Amino acid sequence: MTSIAYLGPRGTFTEEALLSMPVSQGADLRALPSANTAVDAVRTGEVDYALVAIENSIEGTVTGTLDQLAVGEPLVITDEVVIRVRFALLVRPGTPLSGVRRVATHSVAAAQCRGWIAANLPDADVVPEASNTAGAEAVAAGTYDAVIAPSVAAEVYGLEILADDVGDNDEAWTRFVLLSRPSAVPAPTGADKTTLFLYMREDHPGALLEILTEFSVRGVNLTRIESRPTRKALGDYFFSVDCEGHVADARVGEALMGLHRICASVRFLGSYPRHDGKEPLLRSGVTDVDFAAARAWLDAVRGSGPTA
Amino acid sequence: MTSIAYLGPRGTFTEEALLSMPVSQGADLRALPSANTAVDAVRTGEVDYALVAIENSIEGTVTGTLDQLAVGEPLVITDEVVIRVRFALLVRPGTPLSGVRRVATHSVAAAQCRGWIAANLPDADVVPEASNTAGAEAVAAGTYDAVIAPSVAAEVYGLEILADDVGDNDEAWTRFVLLSRPSAVPAPTGADKTTLFLYMREDHPGALLEILTEFSVRGVNLTRIESRPTRKALGDYFFSVDCEGHVADARVGEALMGLHRICASVRFLGSYPRHDGKEPLLRSGVTDVDFAAARAWLDAVRGSGPTA
Amino acid sequence: MTSIAYLGPRGTFTEEALLSMPVSQGADLRALPSANTAVDAVRTGEVDYALVAIENSIEGTVTGTLDQLAVGEPLVITDEVVIRVRFALLVRPGTPLSGVRRVATHSVAAAQCRGWIAANLPDADVVPEASNTAGAEAVAAGTYDAVIAPSVAAEVYGLEILADDVGDNDEAWTRFVLLSRPSAVPAPTGADKTTLFLYMREDHPGALLEILTEFSVRGVNLTRIESRPTRKALGDYFFSVDCEGHVADARVGEALMGLHRICASVRFLGSYPRHDGKEPLLRSGVTDVDFAAARAWLDAVRGSGPTA
Amino acid sequence: MTSIAYLGPRGTFTEEALLSMPVSQGADLRALPSANTAVDAVRTGEVDYALVAIENSIEGTVTGTLDQLAVGEPLVITDEVVIRVRFALLVRPGTPLSGVRRVATHSVAAAQCRGWIAANLPDADVVPEASNTAGAEAVAAGTYDAVIAPSVAAEVYGLEILADDVGDNDEAWTRFVLLSRPSAVPAPTGADKTTLFLYMREDHPGALLEILTEFSVRGVNLTRIESRPTRKALGDYFFSVDCEGHVADARVGEALMGLHRICASVRFLGSYPRHDGKEPLLRSGVTDVDFAAARAWLDAVRGSGPTA
């Protein structure tokens, strides 16, 4: 049976994200205490997959997760899922809004819902908790009157949704990736993404421009970029990037070879279907057909000289 | 008297960073429950400054802080400080290592010290807490046997340092910035940094390359870049960047004007002295003297025609 | 009275071009034996202007003219004119086609009319002459039976047009420029061109890319570029370029300052109205209004800190 | 026997250049009346090779030669030679300098020697002739007193060298290329050049920058570039370029494929040994070994996922 680790306990956004993925059906889902331990569980072979938040963290430190993938045994991303983040005010059944004096929240949920809390619970104490679910558990135990948490936590902890969708920003979302040990890359779907870590040879001005040129000259668009300090020395950076396309695409393959030649090291973190299914808008000259035609022309030129 | 808000309570890395800055001497230092509330306190005028972590978070959500600066009333960075992050194992006085069964940690401290914990406390329960200091308080109260926390927390909470420097990575550090309401930009020191948020006109391939070219053509190097989703729509990004140099430098000024022309919006977050005092290595042709000479030449050409 | 030198004698394309320019009306037009001597005549002050072919030579060595402008006393281009090149077969009055056995041509005219000659005069001897008009004069003197020359030469030398428009290429044209000693640059018309010579600091790979980036980052398009060997050493090059726009345009001015900073030397050869009156298609952000807005924004930022 | 056409008659710089090439030894050398007819002779198969001047013309219209290669049956360059251009003042035996009243010169020779003529023959009439050799022939026939011509013409026409090296510029040179019908490309020597004509898809701003980026991203340096009007319409250009390296080099091959994808058409004009034997200074990451290593890495990534 497929086994998948995730940041538990039950009732988190990560669980919500995981349940939305076909791979979770009939799988052995294991709630672990942190994203780090979930990543470790894949590395050691204890589980087949781990689902971890990677962008726009609501639960846990996404930056830390990325950094964890940058060193140690290589892992690859085989799928991604993006879910809308939606907070509710959860209470023990029967508690009225007027009875809410102490509200537990994870710090990010607090930030996300500040406007609603200021307007609706101006006099309540807002108490930080280590996670949304630790807060929910504490409400169930009577330590607090309410918790700002994913609405799915209500059922898990026997709470009631007193107000739903209390976030200040309707468009909040989190992106999760499914990690596995290196194996066959998922087949291209035509709407894929590729994730890379790029380490520079030295800190020279213009290095980033060179990297971007390797992508752009082959018509490969980036969807995310972050300079991240290496763990070696202050001021020593690598780049964490997502680009459109699949390593099997000719344009992505050639870009990767170009990066391999100019970087101290390139860590391939996987090619996988985009969650939004959006196909790249390709400029002329960068399809697989164009690459094959150019290759055929070059072979002719090399063989016999000129061509028009 | 100058008033400065920071993420409290006492005993955090932020306090350590703040105390290392001359501006804190004789100032009214106010420990607030979150970076967000510290930022708010500057915006409302309640305090003059706030010190918040901005890169490589150890305490709190750095990404969230950046996002908070991206919208709402403009704030500017007037100084920065970088401190080495150093964790210790703190216990109630007299507790031996063998007596440590339950260890509280903030999730990032846990990640940072995993190797040491696995080697020295293989059988201990590691329990997540909302912050380093919440853990220290709980140890003092007897809830846990020990906490992984900054060593400065020992004095604040009446604990003892059982083991110092238990982080797995000797080079961990956090960068903090001092925020104020817009006012005069600090004078250039020759070793400055400038922070910007850059919003694209539309999501068009090559936008990032265009942005970087505006910097590089004037010899301005970046020291950090991050694409960040706007709060408007999934897939809509802005870029958060730090570059070398001061807005008063001719090359930085011209680059900013170029960015202003190609971006939907540029948010200037301040020019301030670099913590490391490192002066930029300028390529030929980009000093203020070079810019002035080029201007004089252009004026001559415009006035009278040709020159050699 | 305005005096203008040109490559004579009468009956050349240069004269045709000159007569099409308003400046020639009522002026003292002086036919000189070579483009070089015409250029010299302006330099010494003997005449006010010289009209010389500069691109797609039909008469004389255009490359040589360019090179002549690259060194010595600076001259500037104040206007340009492009004329269609149209050759005719000229004979002494009464000569039938069947009587044409020896045809004089300047080498370029010969190249331009090869197809017609092969089809209509397959058995004729084609004899090179130093210029179109030397050939016409020789026909008048009875040395040859016919000459391939501009049809205007017929009247000048008392010849008859036996066949008109005998060039193989309907679209042949020559571009001429009007040179003067440095003086006030002609006012911008909205459809202007600027000509420059750019000397590199050293022969380093990527120098050309840097130059082009200085133009493109300000939205300035090139209409002509040529690498030209300097007269100093084999392998030492400079670039001769025409760009759209006028030195008084903000985008062109800033590009020129950028070039001044990265080049060993920039020689400004003038801004002048385009012959075709075609206005540049500007991308967003590069008009004078955009530059002024960016400057105002920068001034605000420098003065007081942040802005949105 | 190998047959080679060149611009005659005997005594030209082209002959001097041809005799310096090993291929001319024992070959059937055919002096033709123009570079055009020499090119035609290769196209029709009448000769195996043609040697024509291609850069920095002293004899004949180099630009015209390039244009001739741009259309019609493809030809390729298989070798190049560069010779120093050195003019002499030739007279009939016994003529003293004081006896020189009329001097014949080709217009370019006149330009090249203006300083010397002004200083030494201030009162002489300088008469243009169609070529250096036509002038020499006319001196022999008594039409003129002297000719400015290559010193090798003295022997051919029975003249005497009255003054040698009368050019104003010690470093004048001409580059010639050996043309043949398409056949096997000469083997790489490590110090090669490749010549291309690049036709744009449309006249869009930035096209040239895109072209140069295809070269530079693979570390291929240009040694010559010229925008040339196509024969179709005013304002429609193509680029004529020489780059370092051989089509068999991995970096040149990939650059050519990139150009093939973005251009309307690429005409390959040959890869051939550089006359100066200068090997390219390659930046790191662009040797054949680097390309092979990148390919092996990509194959591994595509096969099995991640790598460090």
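Note that the chains take the letters A, B, C and D in the order they are written out, and that residue 1 is the start of every chain.
Here is the rule we use: contacts are C-beta pairs under 8 Å (C-beta built on N, C-alpha and C of every residue); 3 or more make two chains touch, one makes a residue touch a chain.
Since the model is a prediction, treat every value here as computed from it, not as a measurement.
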> Tell me, which chains sit next to both chain A and chain D?
Replying inline: none
> Copies chain A, chain B: same or different interface, half of numbers shared as the threshold?
Replying inline: same
> How many degrees of rotation bring the Cα atoms of chain A onto the matching Cα atoms of chain C, given to the nearest 5?
Replying inline: 180
>> For chain B versus chain D, what separation do you get between their C-alpha means, in angstrom?
In response: 59
> Quick one: chain C and chain D, Cα centre-to-centre, how many Å?
Replying inline: 22
>> Give me the residue numbers in chain C that touch at least two other chains, ranges are fine.
In response: 213
> Considering only which chains touch which, how would you classify the arrangement: line, ring, star, complete or other?
Replying inline: ring
> Any idea which chain C residues touch chain B in the complex?
Replying inline: 74-76, 182-185, 201, 213-214, 217-218, 247-248, 253-254, 256-258, 260-262, 265-270, 284-286, 290-291, 293-295, 297-298, 301-308
>> So in the complex, the part of chain D that touches chain C is made up of which residues?
In response: 33-34, 36, 55-57, 60-64, 68, 82, 106-108, 110-111, 114, 126, 128-131, 134, 169, 171-173, 205-206, 208-209, 212-213, 216, 219, 221-227, 229, 231-235, 237, 276, 278, 281, 283
